[in-house]
Structures are given as C-alpha cells and as structure tokens.
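My questions all concern the structure below.
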Amino acid sequence: MFGTAFPSSDLVSSSFGVATIATLTTALLALIGLSWVSERWRLPVALSGAALLASAFFYFEASQTWLATQQMTAGPRYVGWFVVQPLQVASVFFFARIAGPVPVGVFWRITVGAILMVLSRFLGDGGIFNPTLGVLLSMAFWLYILGEMYFGAMNDAVRKSSGPIRLGYFWIRLIMTIGWAILPILHFVDVVIGAGHQRGIIVLYTLADFVNLITVSMIVLAVAGKERF
Amino acid sequence: MFGTAFPSSDLVSSSFGVATIATLTTALLALIGLSWVSERWRLPVALSGAALLASAFFYFEASQTWLATQQMTAGPRYVGWFVVQPLQVASVFFFARIAGPVPVGVFWRITVGAILMVLSRFLGDGGIFNPTLGVLLSMAFWLYILGEMYFGAMNDAVRKSSGPIRLGYFWIRLIMTIGWAILPILHFVDVVIGAGHQRGIIVLYTLADFVNLITVSMIVLAVAGKERF
Amino acid sequence: MFGTAFPSSDLVSSSFGVATIATLTTALLALIGLSWVSERWRLPVALSGAALLASAFFYFEASQTWLATQQMTAGPRYVGWFVVQPLQVASVFFFARIAGPVPVGVFWRITVGAILMVLSRFLGDGGIFNPTLGVLLSMAFWLYILGEMYFGAMNDAVRKSSGPIRLGYFWIRLIMTIGWAILPILHFVDVVIGAGHQRGIIVLYTLADFVNLITVSMIVLAVAGKERF
Amino acid sequence: MFGTAFPSSDLVSSSFGVATIATLTTALLALIGLSWVSERWRLPVALSGAALLASAFFYFEASQTWLATQQMTAGPRYVGWFVVQPLQVASVFFFARIAGPVPVGVFWRITVGAILMVLSRFLGDGGIFNPTLGVLLSMAFWLYILGEMYFGAMNDAVRKSSGPIRLGYFWIRLIMTIGWAILPILHFVDVVIGAGHQRGIIVLYTLADFVNLITVSMIVLAVAGKERF
Amino acid sequence: MFGTAFPSSDLVSSSFGVATIATLTTALLALIGLSWVSERWRLPVALSGAALLASAFFYFEASQTWLATQQMTAGPRYVGWFVVQPLQVASVFFFARIAGPVPVGVFWRITVGAILMVLSRFLGDGGIFNPTLGVLLSMAFWLYILGEMYFGAMNDAVRKSSGPIRLGYFWIRLIMTIGWAILPILHFVDVVIGAGHQRGIIVLYTLADFVNLITVSMIVLAVAGKERF
C-alpha cells in the first residue's frame, strides 16, 4: 500500500491509507455478517459488502499510485464509482423490498440511473462532451434516484414497516442526499471551474466516499443484525 | 491495477479498470450466492462464477500490462477466452439440464465446440494458419453451439419448464447470439483487414465481454435465486 | 515482506516481520474461531479479528517500506491506528454487553473517543496543530475511555457476570491501561522532545502493538471459547 | 501474470497463461465441490484440488518468469512436481479406497514412489548424478506405481465396485499411463539428448500437465458428484 | 516466488520453492480438514494449520529474497520461528489435552519455553549476547519442553488414551526430539564455528523445517481424521 514512508502531514496518503484499511475491514465484517443475518437480509448485506470490497480495491490501488507518482487523476475514481454506486443503489432497493413489495421496475430504473449518473460525469470529465453538461446530467439522474427514494414505491413500502428498518432507511436516504451531493460539487470545482485534481479535493472526495460507503453499509448491517441479536 | 494515474479520457484504462472490478465483484456475488441457491442450481452458478473469476484475473493483468506498456495484444485475451468461453457454455448446459433431461453428449459437443471456436481464432491470430480461415472456422463452431441451443435437446428440455428458467434461457441464448457475434467481427477487422489491435477495438472487445459475461452470470444467479427469495 | 536478506541484528526488520506473521496468524485463528464460538460471542470476536487483520495489513506494508527505504515515519502507523483502535474499543463494548445490558450510548462515546484519541495525536504529529496539545488531548480521550471501562456501565455489567468474563475483562482493561499508555509516551519522546522516529522507538511501538492487539484478541477468543470447550 | 503484452504467436506465454487460469479455475471448482460431495469423497477431492492449486501457483510464477526473462528452466517445474505428483497419487489411493478396503501400506509405497520418481529425475537434471540414470530410475518408480494401479490391491478393490468408480478409475489409470509417459520422454530429449529446455519442449510439458492434472481432477470430481446429482 | 528461471542444480531455490508450495498445500489441507474433524480436535488442527501458513508465508518471501539477491540470512528465519514454534508446541498441548486432563499451567510453561528457545538463539545470532550462550540457553529450553512431553502431565494423559492418539503423540514427540535437535546443531555450525549462512546450511534448515512442520501437522490431522473416516 505505501511503498515509501510518508509523514502524517501528507494528508492524501494518510486518507488513502485509512480509506483502504477501513473499507477492507468493513467489507470483511459485512461478509462475516452474511452468515449471521436472517435469509431475507442476505441480498442487501451482500451487495453493500461487495461495494465496500470494490472500493477497498480502488483505494489500495490509489494509494500505491499516489505514493509512486505523487499524483492522482479522476480516471481511477470513476473506475470505482462505475461499480460501487450502482451496487449501493441496488442494495438500498433490496433493503426497502424487505419492508414490503416494491415493483422490480424500480430496481432497473434506479440502477440504470446510477450508472448514467456516473457515466455523464465521466464523459464530461473525459472531455467526450461538455463538463458542465456532465455535471447537470449527473445531478438530474441523482435527483431522480432521490425522487424514487423519497416519493417512490420504496418509501411507501418502508413507511409501513418496523422501527429499525424505517430508521435505517431514513439515515441511508439522508446520507445519499447530503453525501452524494458532495460529488457533483467537487466535480464542478475540479473540472468546470478547473481547479484541477488538487490535494484538497482528493481528500474531500475520499472523506465523501468514507461517509457514503462505510456508514451506509454499517447501517444496513446493523439493521440486519437487529433481527438476530 | 493502475500503477499510474490515468485521465478519464484514457478509455482503455478506464474500461479495463471497470471490467476488473465489475467481474471481480460479480464473481464474489456469484460465489456468495452459491451458499443460498438450492442444490440443483449449484453447478451452473459455480461454473459462471468461475468464468467471472477467470475473467477478472485476465482483466487485472490486462490493466497492469496496458498501464505499464500502453499497448495490448490479442495474446492475453485468448488466454482468458480459452478458459472463460468453455466454462460459460458448460454453465448453459447445466442450466438447461435443470429444466429436464439433456443427454451428456450435448455437454461434450458444445464444450469441445467452444474450445475449438477459440482455438481456431487463436491459430489464425497467431499466424499458425490463415486468419480468414480462423474466423470462418470459429464462426462455424459458434453457429454449431447456437444450433444446439436453438434446436437441440437443451431447447426441448427448457421449453417444457417453468417461467423463470424459460425466460432466463431465452435471454442467455440471445446474448450468446448477439454478444458473441461481436468477437469474430472484431477479429475480422483486427486481423484480417489488419486494422491492428487499436484502442477502439480493445474497448469494444471489453464491452462485449462485459455483456457476455456479467449479464449471463447475473441471469443464471437471478433465476437460481428466484427459487429461494 | 522482506525483499532483502536482513541480519538478526536488524531489530526493526525482525520486529516488523514477527508482527506481520503474528498478527496475520492470530487473525486467522480468530476468524476460524468465529465458526465455533456461540452466537452471542461472534461480534466481539469478529471485531478483534478485523482489528488484527487491519494491523497485519499495516505491518506487512511497513516491513516492505522499511526494507526498501530503511526508514519509517509515523504516517503509516496512524493509518493503522485510525482503524485498529476504534475496532478494539468496539470489541470491548460488545464483550461487556454479553455480561449484561450496556446502553448503546456508551458504544458511541468510546468509539468516537478512540477516533478522536488517534486524530488528535495525528494532527499534532502532522503539524496541523501543536504536538504537545495533541499528546494532551489524546491522553484526555484515552483517560475518558478508561473511565468508562473502570467506572461506567460496562464495568457494572461485567461485575455481576460469570468468572471467565470478569477475569477476561479485568485483563483487557489492564492491558488497555498499561499498554496504551506507551503510545502517548513514545509520541511525546518522538515528536515533542523531538527524538525523531528512531529504530528504538519503532521497535517499542511494535512491541506495544503486540501486547495491545494480540493478547487482547486472544483473551476475547479464549473467554468466548470457554463456553464451548 | 503477463507484465507485457505478448502476441498469440508466443506459444509459451499463451500456454503458461492458459495453464495458470485453467488450473486456478479447476482448483476453485474442486474446492467448491468439496462442500457438496458426500463425506467419503472429501479426501480424494481435497487432494486433487490441492494438487491443482499447487500447480496453478507454479504456472502463475512460471508465466511471470517467462515474460520477464524469456527463458524457462526445469528447476521451477520440479518444484511443482515434487508436490503435485505425490498429491495426485495419494488422491488416487483414497479414490480407490472408497471402492473397498486397500491396505495403508499401498499408500506409503506409491506416495514415496512418486516422490522418488520426481527426485531421481531432479537429481539427474541437476547434474547430481547421471541424467540417463535419473530417467531410468524415475521410469522404474513410475512403472512400479502403475503396477500397483493395474495389479495391486487398489485394482482389486475397484474391480468389485459400482460403475462410475470403476469407469473413473479406468480413465485416471489410463491418463497416468499415457500422460505421465510424456515426462520421462521429454526429460530424455531435454537433458540426455541435450536438446535443452526449448520452447517446443516447454509447451509439450505444459500440455502434459494439462491432461494429467485437470482431466484427472475433473474425473475425481465428476465421479464424486455422481453420488449427489 | 521465482522471478528468475533457476536450474535444478540451484538447490537453495529448489528447496525454498518446494517448501513454499508444500507448506501452502498442507496448510490448505489442514484448513479444509478443520470442517471435518470432530469438535474436540479443532484446536490442535487449527494451530498446526496456522503454523503451516505462517511458515508458507516465510518460505514464499525467502524464495523471492534468494532469487533477487542470491543470499539469505538467519534474520527472516527467526521471524518465522518466533511464530511457528510456539504455535506447534501449543498444538501439541491441545493434542494431548484431548486424551485427558492436562493442567493449563503446562500450556504456559511450554509455550513461553518455546518463545524463549527461539529468543535466546535469536539474541545470540544477532550479537546481542554471546552466541554460544544463545545455543546453550535455547537447548536448555528445548530440553525442558521435551521433559514436559516425556515425563510431564501430557505424557500421563496420553498414556491412558486410545491407540491412534498414543501413536500420534509418540511420533510427534520423536520428531520434536530428533528434528528440533538439528536447529541448535546448525546454529552452532553457522554462528559459533562461524561457517556462516552457507547454501548447505540453508538447505539443511529447510529440510529440518520440512520434517518438523509438515509431518507433525499431517500426524495431527491424520489422528483427528481417524475419528471420522
């Protein structure tokens, strides 16, 4: 992970390092938890665990890259997001479906929405089309997903359900509202304003991932565990 | 995976990166799913999971190679195909056999057919014999496999079976018809026309693998899961 | 782990090497143990196992770094501590909760306390603010955690419980009192006095981790096992 | 596995690559199968799976070595054979013992025989003693093992048993007769005649391993599976 | 494992390579066996499996180091011994305790004895104190452990027990008497006489580990298996 000894003042290396070990450990706990949670909880837990592992994989590579070259670009981040964000959205869908029936169409809409959300930012960042358009499009898709979560069938299913599920859903949705908002904002500063992929922005991206990924997965796991312990 | 920080505009690195993480995560989900699906579903799920893992292994190595040398040849791809495509065909056989009795001879015919399909393309690409002949031969073997799937004993077994299996088989067969068609076409452009192993072709190959591998495995897993959830 | 052949007299390499293999092996035993301990013991065992694995990960990287560059800084250590110490504290909480009811608020207080304990030392070490302040703050958080362990709800729950749990809790608490005391002291010598990250200090840090991590995890595992064997 | 992009025409790299992924995937399937086969089948399946994994390990290293240095020697091959061939022979013993009682002495005789078979070739190849003598000795040990398989207690036990076991044993024995015959022949050409460790010989060695390892393990797994599916 | 292609005549590389693959495979078999052996056998099997894995880890690193630098020192070996030998002694303790009650004090005495046995050799080798003293001290601790095994509570417990356990204990003890005797002898030749860490000595060390580790673990596993198969 760190081929060279970096000082604590190197915040990027530190944040990448912590993100790697933290996502890896949380993924481990999620996978261990898989064998405990009751059957109906397996799918959301497995999906969020897979998202964590994919993210750990990214951060491991990212720290190596950073320490070797002292620079980081958005490219590898998108590689991670393309897998992680659809997985998380799918995890939320199956989380909600435990509370009550949710039409499978919702699954396709929000999963594809998440892929397009990443894709449009990606194309803007890669200069395939206008970055500003990329940001706006990705925000549109993000808002659509939020719409499904706040006013769609998932919300209806959860509203009628037991305390822990309702509480967990509330928090997950909140994190995806606030936490995911950071991404287009940072993207705007980075690409549109053209501040570039600076250290500060990298650390903020990492912190955002931290909240979005680890807390969400831990909430899923905790609610799933509530039924057993 | 990425020893250097690549920009989003480097589509090859991005596609390889996404393919690596995506196949790895899907393989993980398939292996996790193994412990859930009912016993008779284990074999097709295990085989498609193994195919995913073999492919993840290939893409991991491929991204490293690309980032180190900025070039990619067909060699490593064939290494992957030699294992992945027979595994997938075998997975389809055991998928169909769940629906009803299928003579084991079919298994040998389509598995060997898949190996020869890759081999003939390989020999053509490696210049052991005429590339055009390689393409034509591989297409012949591919069409034979399709013939078994459309008109053979597998189709008969599936036609009589329950909804999900029939639907899953329909989609898998469709993907193997359209998705696998891309391979000889790209091979023709690459080797016969002699466009060479360009970035565009590499990305298209990767996208083809994406559809052929991940969706097929997810369909197998989903149909298998239907029986439990 | 060791890319070069080092003599036994190279105490840093030796200590890093032993720490890597020892934490890795203990983590393995903890994860194996998971499938044996009775259900209520799973959570503390899983958490201490995860802490061991995260630490093994750190030491593996640390030995590589050391042998490649013959130098080590505090940076990577904090990367490990940020994950390991909160995990251990959480493990103690769930350990105590087996003995009797402990309000979940305690969990949040000591876990956040552990994160802040590491963070304040980290910020001091990184020069974000005054090192001495960092030491003092981290000691304050550490003492708060000890306070919870000695006089808080966890202690009450454990006091009423069976022999092994009470004994185990006593030892874990003792180790966290003495063993964790080494960290701020070494930090003080290293950063505040400015002795720098010398070989002697590195070895002492490693020995401290050794006691704090491996013995604590083994105690958790042993007490959990007592119920079965 | 492949640090550089090799063309399909590089048959050594291709064969090493395919061997790596194929043995790895087959080992995975064998280990997955372990949790399905009935208890009495576990030992032979586990042993052949272990043999596959050891071989995958060898081929992974071999491809790396080849691509880095464009040369391969017999040294690493023997490293693999020392572990793989005794494991396979042991696997056959426990395979036969399922059919009926086989004195444990047979186990010791054929396992030690397999070790000596590799050792004598190894010593000849390493120039510790006369290569021709090495070939002759190894063939003697190999013929002894075949003798046990054709006329020994294993054959008696199997002859009385059910169809699948008898059929499987027949094929395994046949492969060990023909497939293993390639090794001393290649060794003779390589060392005694002194053709050296050329590309052609390397590929033939790999193909031999392919047949000897993967097919044998798959037969063991298939026969074991017959009892369940 | 082998970054370069070495000839069979390079006995060190060959022995390191074989040791790596052999310990790794045996560890795999031990871990697989864990899920078969009856509950009371789990602990000794797990401990010897962990010892094998720790040793495989060492040998993997050792071969890499050797092939990269063509030299090996005692340093890394001690790293392995510090973990492996206490684990093995602990494994023997729990092996004996299955036969009958053994006071837990014996566990602490022989485990600490094993650590001190390695430590004293280590300090002598590292020049922290007189090598001859190191050898003598380590032999004293080793003889103490043997004393516990021959005349202590473990022997009493085993003597009254069933055939396989008594036989297994007899062999394990014998191996620890003869096999472990090689270590101080080699150490004496290496350090005290000052022959240095030559190729011959390295190979002998590896062979000693081979006998001490793999056979002992296999005996534990075999005796444990006797109860099931």
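When the chains are written out, they are named A, B, C, D and E in that same order, and each has its own residue count from 1.
We adopt the following convention: a contact is a pair of C-beta atoms (placed from the backbone, for glycine too) under 8 Å apart; a residue touches a chain by one contact, two chains touch by 3 or more.
Not measured: the values here are computed from a predicted model.
Path length between chain B and chain E in the touching-chain graph (shortest route): 2. The rotation relating chain B to chain C, fitted on Cα atoms, amounts to 145°, rounded to the nearest 5. With centres taken as mean Cα positions, chain D sits 46 Å from chain C. Here the CA centre of chain A is 28 Å from the CA centre of chain B. Touching two or more other chains at once is no residue of chain A. Taken chain by chain, the contacts form a single closed ring in which each chain touches exactly two others. Remark: ring traversal beginning at chain D, heading first to chain E, gives the chain order D, E, C, A, B. Contacts from chain C toward chain A in the complex involve residues 31, 34, 39-40, 42-43, 46-47, 50-51, 53-54, 57-58, 61, 64-66, 68-69, 71-76, 78-80, 82-83, 87, 122, 125-128. Listed in rising order, the residues of chain A touching chain C in the complex are 1-11, 13-14, 17-18, 21-22, 24-25, 28-29, 32-33, 36, 228-229.
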